[in-house]
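The first chain written gets the first letter, and so on, giving A, B and C; residue counts start at 1 in each chain.
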Amino acid sequence: MTKFTKIITTGVMASAIAAPALAQEAASQEAAVHTQFIFNSLLFLIGGFLVFWMAAGFTMLEAGLVRSKNVTMQLTKNMALFSLAGIIYYLVGYNLMYPLGNWMIGSDEAGGYIGAIGVAVMEVVGAGADTVDDLNYASTGSDFFFQLMFAAATASIVSGALAERIKLWPFLIFVAILTGLIYPIQASWKWGGGFLDSQLGFLDFAGSTVVHSVGGWAALAGAIVLGARSGRYGKNGKVVPFHGSNLPLATLGTFILWMGWFGFNGGSQLAMGTLGDVTDISRIFANTNTAAMGGALAALVLTQLLYKKPDLTMILNGALAGLVAITAEPLTPTLGQATLIGAMGGIIVVFAVPLLDKLKIDDVVGAIPVHLFAGIWGTMAVLFTNPDATLKGQLLSIIIVGVFVFAVSYVVWMVLKATVGIRVSEEAEIVGLDMTELGMEAYPEFTNR
Amino acid sequence: MTKFTKIITTGVMASAIAAPALAQEAASQEAAVHTQFIFNSLLFLIGGFLVFWMAAGFTMLEAGLVRSKNVTMQLTKNMALFSLAGIIYYLVGYNLMYPLGNWMIGSDEAGGYIGAIGVAVMEVVGAGADTVDDLNYASTGSDFFFQLMFAAATASIVSGALAERIKLWPFLIFVAILTGLIYPIQASWKWGGGFLDSQLGFLDFAGSTVVHSVGGWAALAGAIVLGARSGRYGKNGKVVPFHGSNLPLATLGTFILWMGWFGFNGGSQLAMGTLGDVTDISRIFANTNTAAMGGALAALVLTQLLYKKPDLTMILNGALAGLVAITAEPLTPTLGQATLIGAMGGIIVVFAVPLLDKLKIDDVVGAIPVHLFAGIWGTMAVLFTNPDATLKGQLLSIIIVGVFVFAVSYVVWMVLKATVGIRVSEEAEIVGLDMTELGMEAYPEFTNR
Amino acid sequence: MTKFTKIITTGVMASAIAAPALAQEAASQEAAVHTQFIFNSLLFLIGGFLVFWMAAGFTMLEAGLVRSKNVTMQLTKNMALFSLAGIIYYLVGYNLMYPLGNWMIGSDEAGGYIGAIGVAVMEVVGAGADTVDDLNYASTGSDFFFQLMFAAATASIVSGALAERIKLWPFLIFVAILTGLIYPIQASWKWGGGFLDSQLGFLDFAGSTVVHSVGGWAALAGAIVLGARSGRYGKNGKVVPFHGSNLPLATLGTFILWMGWFGFNGGSQLAMGTLGDVTDISRIFANTNTAAMGGALAALVLTQLLYKKPDLTMILNGALAGLVAITAEPLTPTLGQATLIGAMGGIIVVFAVPLLDKLKIDDVVGAIPVHLFAGIWGTMAVLFTNPDATLKGQLLSIIIVGVFVFAVSYVVWMVLKATVGIRVSEEAEIVGLDMTELGMEAYPEFTNR
């Protein structure tokens, strides 16, 4: 007999006649709880492999948008950052993010600030109802698997912005700090039940702020400290276009990210074991999809109007910005609202990409417009569809997270720059990182140099 | 207490002693219904993201089979058509396709012809048993998500056939009409319970006719009105081979489509909440897979015999034709029958591709043989394995759908041709659509022109 | 009333008063069994499409690692081998592998050696509790679908090692023998309940030995009989590097394989219908992921240390070796142990690749280090985390399987070499198999030859 049936059956043995029915009821309720546990865990497993898939999406998107001489480096960085992020998250991040009340600094009631220390531990093999960590939630293994992917996604965002001139190892050091400290600490403030959640009532369903803007702030700090690619901005302030070397790959990456986002947002419902939960997940899937469509179409129409020619890279980033924008609240909007929230994301991208260039902030793949700007927009847009959101809660949380992540990232980048150096030599940059840093071309037979 | 338990408990309160057991039975039955609802909705969510993935598959297949000078356009068209199709389907298509008895023209009994007008509306957030639209089916959100992907797939079929010479915006206008009117109206005739279903007993499990041949007919009409690519057919009637620029991409696209088809056919079971349903879905998965294998192998062997060399693009299209062929009835065949049905699809493709060229119908990727011809074959093949199918029902439905879709498509293409024009200039075609229409090369560093 | 409820209700009709509750209990238990059946079948369906996806992963990995002149052939071989393997497995392999006690040679008790003959047969359409093959397991269709993918994966392993010089048709003959006889016979020894399982207590959860080393042994035999690629090993014993033509494709292939491995290992739990099973699957997902991360990071660090430059292809193979290594026991290790088991896989690859070259065994993609060496390591590593494993059981089984597969494969390759020939001419090899064997270039516009 499990812990659960013990609780249920205690105190209900009112009469001998009722006993069989009551015991039966207890068994039936226990089965229902187990079924819900399975559905919830399954949601995390499916959601997790979909968000894992986003790692491939970021990799393909970035490999397609850099010049061919830097592709092997971009591939290497993505493989390495994902692997490193995952292991660091296991060692430090998971318990820092989910202290389950055991805050090192703060408390659930007064506001949590810094979570717990320790490696992630899953349930024992062949767990029963009395050995799973939380019978009314899901298996810890599935939760860990799912959450790990979010930490890795945050790091992936940074990689694209800083492409084509950053050194591999300093970048990986930053990834370790980002996924071991910066990301989980700020994530604990909301998703670990910390002060943004308990004191400010901040709402961020799947991470427009907690994941995407965090990656965006870290990328922005890095882009500023690192400086633009050699030759990117002419003397007269003119932007020299650097063309992505493989647009099918970038498009594939976008489709992969779009697909993975169903897991990203849908899994963030955190439960699938009830009729209400699965119906909500269904809303989330449909809204996530339509926001991406809205973002893509908005960028298509807007680039046609502004430049007389549709711009594929803007359309791809428009779809992604739509996805980022809906991530803070994929549940409450109607399909129409979700489409508009996504469309605004696409519009933001089309205007923000040239704006960053004007500021000489060189973001190779458009990660800052997509993940930071559309992330802020999405977080504010919660106000339009979810009555529980407050202007103060949303705005203040965006600022607190932004200041924290940008400041810490900036300091880390500056320290790395001052110590090991973060940038390859100009010659290396001109020749390409693939040959100078790795000695391996991505397309040895294709390029017509 | 939910609506369902109310119904169950009414009239069964026969005795006071029996009451606890009966109340318990009602609760247990309610739980079972909820569990089935969750499974059914989950089927649509998984099926939906798999069919979504087919959009990436079409995109990669087409991008790999066109020449490099037209790749960016093909990518742009696919991103745009998917997004547009989805939003149009939300605005118009979904209710037109599923009137749930509220026909504008016709009725469930006498035969439905034109469905209902209105945007798609999902259940409320946190729906309960009394607020879901159909407790014995699945969440409307999941159903909408799944069905939207089918509408988009129909449009994707058209895009490949007309590649390398069609203008972007007129193409998108056609997509809007196809996914907003043509597709949902004819789909309502069968899947909305309309006259093909109720009067003719037409059987088309997952859409060999309703989806694939519809895309194929629309593509055929477009290919005829649009004309062949410049230089494709020599003066002497000889076909000038235009080589696909990236066969790994085309192969990847085929694998993606194959994977997505498990959702396409499996999800079309429409339920997973019973032992019988999941066993049927298992049959469908295995049959879908083996039909693709049969189609690929048949094309491999046949091209070896006919041309002394296996032809990869035929093998890819053979696998896809196998998938299209099994789509009308993936459930009833045995594994052996399914393999043969798929193999015949592969054989059809090998013979139909040169036949179309003889007719100077220029189908860039082989979409018409794969989706139209194999779709017709698959629809007729239902007769071999499903005793409920009638020759009249299948044949007449193929003809009715074909005439409707081809005629309307032809008129729309002609009107577009006469008004805005549908074809780029010959110079643009020779230079490539990427530079002339979009100003962006797909592989700026690779091509040795 | 189903078979199950009959059993339950027989002999429990103790009293008239208890009857309603007991009938209710029987119904409730029946529902629970059905729910478990659905979950179990769903696990195979999801696991199956994920392992299917690995076919695309192998294809992309191999297409990326061969030179551009052999890419079309590599794509053709992968499409063909998957299709052929699946159909052969249906015709012969499935029942040979799972005799369900009906051994042609041997018995469950004394040890099974050769399974049963016959094509695979799924349950009837609309199966009920009394017509499914095993109510306490999963639908046969889903099991067949899942297992078929493993047979195909085994064949995929061989294809990469022998690339760039083997003829298509002899290769496919070998694939037929491998997937129709070699693979299912040795797999029956463990997974069909044969003598390795019943007599030796061999443990191999998802196939480090049964799948991966089998592919590896077959590849090794083939590589020896076939000989190295022309020009690969210089007169002075120096290895001439042949560069992969498309590293983004190889990286994509690795990500695809990694994703598919969640199905490969997770699905091998064979059940998801209980709280314990889903918790175990969660462990497996997390461990599988972290082993890949460990393998990738180990290869990254080690190549940096050894060669002063990280080597992307080693990192990719390191991740894959980590996955192979954890496959024999993805359940019992902790996250830390799984990371180390995977890391050791990555280390093995970094040392084994040059070792094979020293032996002039030319393995184009590193399949032998990844699948054979890391497979052996993973099979032995079970001893560290699973107390049920015995040194004798593991070691002897590795040897028995290795001797059987290598010897039979070697003979088959020799016979093929002596009869139809297995190698293209040297001219063909220099020109490339794409033009000489298939007449179709993979990238007709890119290569700068």
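We take it that contacts are C-beta pairs under 8 Å (C-beta built on N, C-alpha and C of every residue); 3 or more make two chains touch, one makes a residue touch a chain.
Keep in mind that what you see is a predicted model, and the values were worked out from it rather than measured.
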Interface composition of copies chain B and chain C: same or different, split at half: different
Rotational angle, Cα trace of chain A fitted to chain C, multiple of 5°: 120
Gap in Å, rounded to a whole number, between the CA centres of chain C and chain B: 32
Numbers and ranges of chain C residues touching at least 2 other chains: 17, 21, 24, 28, 35, 46, 246, 252, 443, 446-448
Sites on chain A touched by chain B in the complex: 17-18, 21-22, 24-25, 28, 32, 35, 39, 46, 50, 67-68, 243-248, 251-252, 254-256, 258-259, 262, 266, 272-276, 278-283, 285-286, 289-290, 292-294, 296-297, 300, 309-313, 315-316, 319, 331-332, 334-336, 339, 443, 446-449
Chain A - residues contacting chain C, complex: 17, 20-21, 24, 27-28, 31, 34-35, 37-38, 41-42, 44-46, 48-49, 52-53, 55-56, 59-60, 63-64, 71-72, 75-76, 78-80, 82-84, 86-87, 90, 119-123, 125-129, 132, 135, 138-142, 144-145, 148, 168, 246, 249, 252, 437-448
